[in-house]
Amino acid sequence: MEWPGLGSAFWLQLTRDLRLAFRHIGQAANPLMFFVMVTTLFPLALSPAPELLEAIAPGVIWVSALLASLLAAESLFRQDVEDGTMEQLALSPQPLSLLLLAKTTSHWLMTGLPLVLMAPVVGHALFLPTEAIPATMLALLLATPVLSLAGAVMAALTVGLRRGGGLLSLLILPVVMPVLIFGARATDMAMQALDVSGVMYLLAAVLLLAISLAPAGMAAAMRISLD
Amino acid sequence: MEWPGLGSAFWLQLTRDLRLAFRHIGQAANPLMFFVMVTTLFPLALSPAPELLEAIAPGVIWVSALLASLLAAESLFRQDVEDGTMEQLALSPQPLSLLLLAKTTSHWLMTGLPLVLMAPVVGHALFLPTEAIPATMLALLLATPVLSLAGAVMAALTVGLRRGGGLLSLLILPVVMPVLIFGARATDMAMQALDVSGVMYLLAAVLLLAISLAPAGMAAAMRISLD
Amino acid sequence: MAEDTAVLLEGKDLELWRGETRLFSRVSFQLKAGELLHIVGPNGCGKTSLLRVLCGLTLPETGEVYWQGKKLARNRANFHASTCYLGHRESLKADLTAEENLVFQLGLRCWLSPADIHGALERVGLTGRRTVPARSLSAGQKRRVSLARALASGAKLWILDEPYTNLDVAGRELVDQMMSEHLGRDGLVLLVAHQAHGVADGVRRRLELG
Amino acid sequence: MAEDTAVLLEGKDLELWRGETRLFSRVSFQLKAGELLHIVGPNGCGKTSLLRVLCGLTLPETGEVYWQGKKLARNRANFHASTCYLGHRESLKADLTAEENLVFQLGLRCWLSPADIHGALERVGLTGRRTVPARSLSAGQKRRVSLARALASGAKLWILDEPYTNLDVAGRELVDQMMSEHLGRDGLVLLVAHQAHGVADGVRRRLELG
Amino acid sequence: MWEFIHKLGSPPHFWRLSGTLVPWFGWFALVLIAVGTVGGLWIAPEDYQQADAFRIIYFHVPSAWLSQFGYVVMAAAAVVGLAWRIKLAHAVAAACAPIGASFTVVALATGSIWGKPMWGAWWVWDARLTSTLVLLFLYFGYMALRAAIDDENRADRASALLAIIGVINIPIIKYSVEWWNTLHQPATISKLGKPSMEPAMLVPLLIMWLGFTFFFFAILMIRTRAEIIARERNKKWLRDVIDKDGV
């Protein structure tokens, strides 16, 4: 037997998910909306003293990035499992891990990437010093995929289950806390004009680790959930 | 024909949704855990200096309130619509608005109430001055239902007008932002030992408005979506 | 005008469009107590859509549905209290057991003792599966839960959309029995089914769509 | 050992438990090219579960499934490339049209020209519904999309779980034709259906469950 | 190896083995902890800077150690359960979670009690403290996931996977003190060669550590037996055993 190669399978899955996402543009917009709300909330709600905002800027950016991706993880696989298309993916000759990775990628493109692109805007809103913004964007670029991947693994674990009770968040947060720490540290150091390369390397390493391990984890978890 | 009264219908719907969320009573702890985590995130991301934490405490508490209500809102009605139980609700002699209100209530009990109850703990972790806590709890008690109701209307809209319906969900921004801002303001003022009664009255007014208008809105949107 | 001889359910030239296509038009019928209307037609001719119009889920393009002589929009609650609709999808909460599902769905429309619900579940042969969540029931068992709902609902009008789906031979006979008994009780049945039903007695009519 | 006379699909004493109950045990069978196995049994006896075990979705408690003599776990990709599974649920993305759905699902398993897919859709009589999202297709039309998938997949082994569901008379005949042709092409069919199928020729076997 | 795993993997065999071992472990633990407590709280000399406050170390360190060790045991059991499909291993993992969680709680509690005099705060956001908190969350997540799945078989496999994923956190806890310059005490005991602690303080600590470990295993076996009773409730061998010589 012969079947299409990995590349085309990945591409097919990716494009399909993106098309679906754009048909549900509303749901896709939610995390972004949340991100904007959060970042505008702080200046509005707190006494908007620039130095204070500047001090909390890293925390706000990173936590809202984390929470936004968390928000989206919930609905990553659920629909596919409920309408039975996931079953068909598991029954296709393509490795399930690849297909789920593709789904996660599209998910990242819809939730993670916008955050990276919005970082400058948010940064300005919070009086983040301009020189800290490139570093922040790079750090986000490295970290958000990790958040998506971790979220995907946990989503695959819990997809069969009744929702609510914030079980998913309970599972994701512990795993991603280190990423958060590193990321925020990167922004922090950049603000003090320190050398961030060390942290960046660390984030990159974590990302590589996640990319290499997460897909297998997702696939295993998904096969269990489908059983 | 005769059928059970509104009260019992409301109660039935409420208990069913709660049971769906917490099969085991232990799961009722998850939302609490969730808030503990969210609040631990900020100190992680920031340099954990007490005075800084104290400064952002209001923002943190209110952001996690927003998150909690958004997290579940997206799929508040979707599952019922997809598995066809919503159809049966629409075909029951009971007014649909009542049943949807009951669903929203259970959602609030799962997401909003825990936050209110955890506020003291969270506040303490973030060095929120003790005298600010009662005001915060009251404000949360008034505001979180509004968030849940707004989220529910949004959910009804997104479920209904599928293509791009989510964009309508942006309409809730004008509703939600003021609530958040006033809420955070209340905490802030309480921290400075100012008189918060004004803000409280305002929040209460918004709550009454929401309770009186939202259910009809949900029901209408839902009937359209079921057509 | 609610004696049993009177017309209970009536559709007056109903018309429905979907996108560019007109599904049906000028559909009219009357149904008295103890009558069964068997709606037939090829796939996609609009049977399900018609049923949804009749139970008030969909607004028809033109035409009206009357229940006990009143427009449906006027006495919706009254109408819904006396109808039971079984669609293509069993509407069950996957995480609740069959029993819990029935207790909730029926609890909204009538007062029932647990005994009644057990009785219905026993009638459809699900006593052995008390503790199983609906998710892991088999397709036929899910269908049987819906049948139990119709039984216990005590509704006057049954709207059944392909009730035979996924049922084994015994199950299909059960459906026929249920319908005959219901008609005997002066109940009304709106039936959509591709295969011929086995209701011998009672007044039976056919409506050809498409 | 992949000549057509050889055993292609084999199940060796399979056993499966669900909760406290044992669904089936010591189920064994062999299937050669051009053979159809009709699995029958009352509702809830474990037919669907058996099919899921056979296509590798569920791990059996004991026993093994062999494809072309190799354990299923060993050559999963190979096996899945040559099987097509139609479950109780048609697995369609509600927001995509029938065509888009097929293009994606089949694109993962074989190279197809749009013409092939149009051909399949035409065969099952859905040419008129090109632009309709799967959500608003009728139950029978959805089922027909799944049939089109089986047709276009060019798979050697068809696993059909109640393919007749929701189909009108013409549709049921279509299924029978499809199966006969497939068997004629030395294909294998695993069929679960409550009513008798209309496959005249070809080797037909029965497996009673429960 | 293979035979051994499968022999141990059979519930009846484990039942017999644990039945004989539990009392031994229990008594060892009791004696060691008693000795260690006396040694730690009375015999050991005062710390020249912390006075008596430091004595809490005798409860803090062992429990903190067991909080991690417990997780490793749980993950290892999970691996065995997934790889060889041994049900007993899953039972062990399930039994392990609550124990590890409670030791983590103790570590956190004693730690913050100690932190009050040392750092002037119950809690500081320091790497090791945080990662320990994360560990607690991991335990909770594991238990929550298990509770959320009705079908036992699936619950076993899913939660096993989660346990394995979570192992990442252990090295972070262990080496957080080296990776980040933290408030928290760096490795003072575990430093090979000459520990930077005088024997009179060290010896009781080691005794405590040993006692806590025995205690851990005793509880683990007891809880596993409970799990077995729950899982094999309608198996014949279990009924026979229990009829013969009780639980």
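Note that the chains take the letters A, B, C, D and E in the order they are written out, and that residue 1 is the start of every chain.
Note that in this section a contact is a pair of C-beta atoms (placed from the backbone, for glycine too) under 8 Å apart; a residue touches a chain by one contact, two chains touch by 3 or more.
Computed from a predicted structure; not experimentally measured.
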Farthest CA centroid from subunit C: chain E
Nearest 5 degrees, what's the C-alpha rotation angle taking subunit C to subunit D?
180
Looking only at C-beta pairs in contact, point me to the busier pair out of B-E and B-C.
B-C
Shared interface numbers for subunit A and subunit B above half of all numbers used, same, or below, different?
same
Which integer distance in Å separates the CA centroid of subunit C from that of subunit D?
31
Between subunit A and subunit D, centroid-to-centroid distance (C-alpha), Å
37
Quick check: how many Å separate the C-alpha centres of subunit A and subunit B?
24
Residues of subunit A that touch at least two other chains are 23-24, 83, 162, 165, 167, 170, 173-174, 177, 181, 227
If you look at subunit E, which of its residues touch at least two other chains?
130, 137, 140, 144, 148, 150-151
Identify all positions of subunit C at which a residue touches two or more other chains, and write them in rising order.
94-95, 136
Would you tell me which residues of subunit A are touching subunit E in their complex?
153, 157-158, 160-162, 165, 167, 170-171, 173-175, 177-178, 181, 217, 220-221, 224-225, 227
Complex contacts: residues of subunit A adjacent to subunit D
1-4, 8-9, 12-13, 16, 19-20, 23-24, 83-95, 99, 226-227
What part of subunit E is in contact with subunit B in the complex they form?
123-125, 130, 133, 137, 140, 143-144, 147-148, 150
Touch list for subunit D against partner subunit A, complex
55-59, 77-78, 80-83, 85, 87, 89-96, 100, 104-105, 107-111
Given the complex with subunit D, which residues does subunit C contribute to the contact?
18-19, 41-44, 48, 88, 129, 131-132, 136-141, 144, 162, 165-172, 194
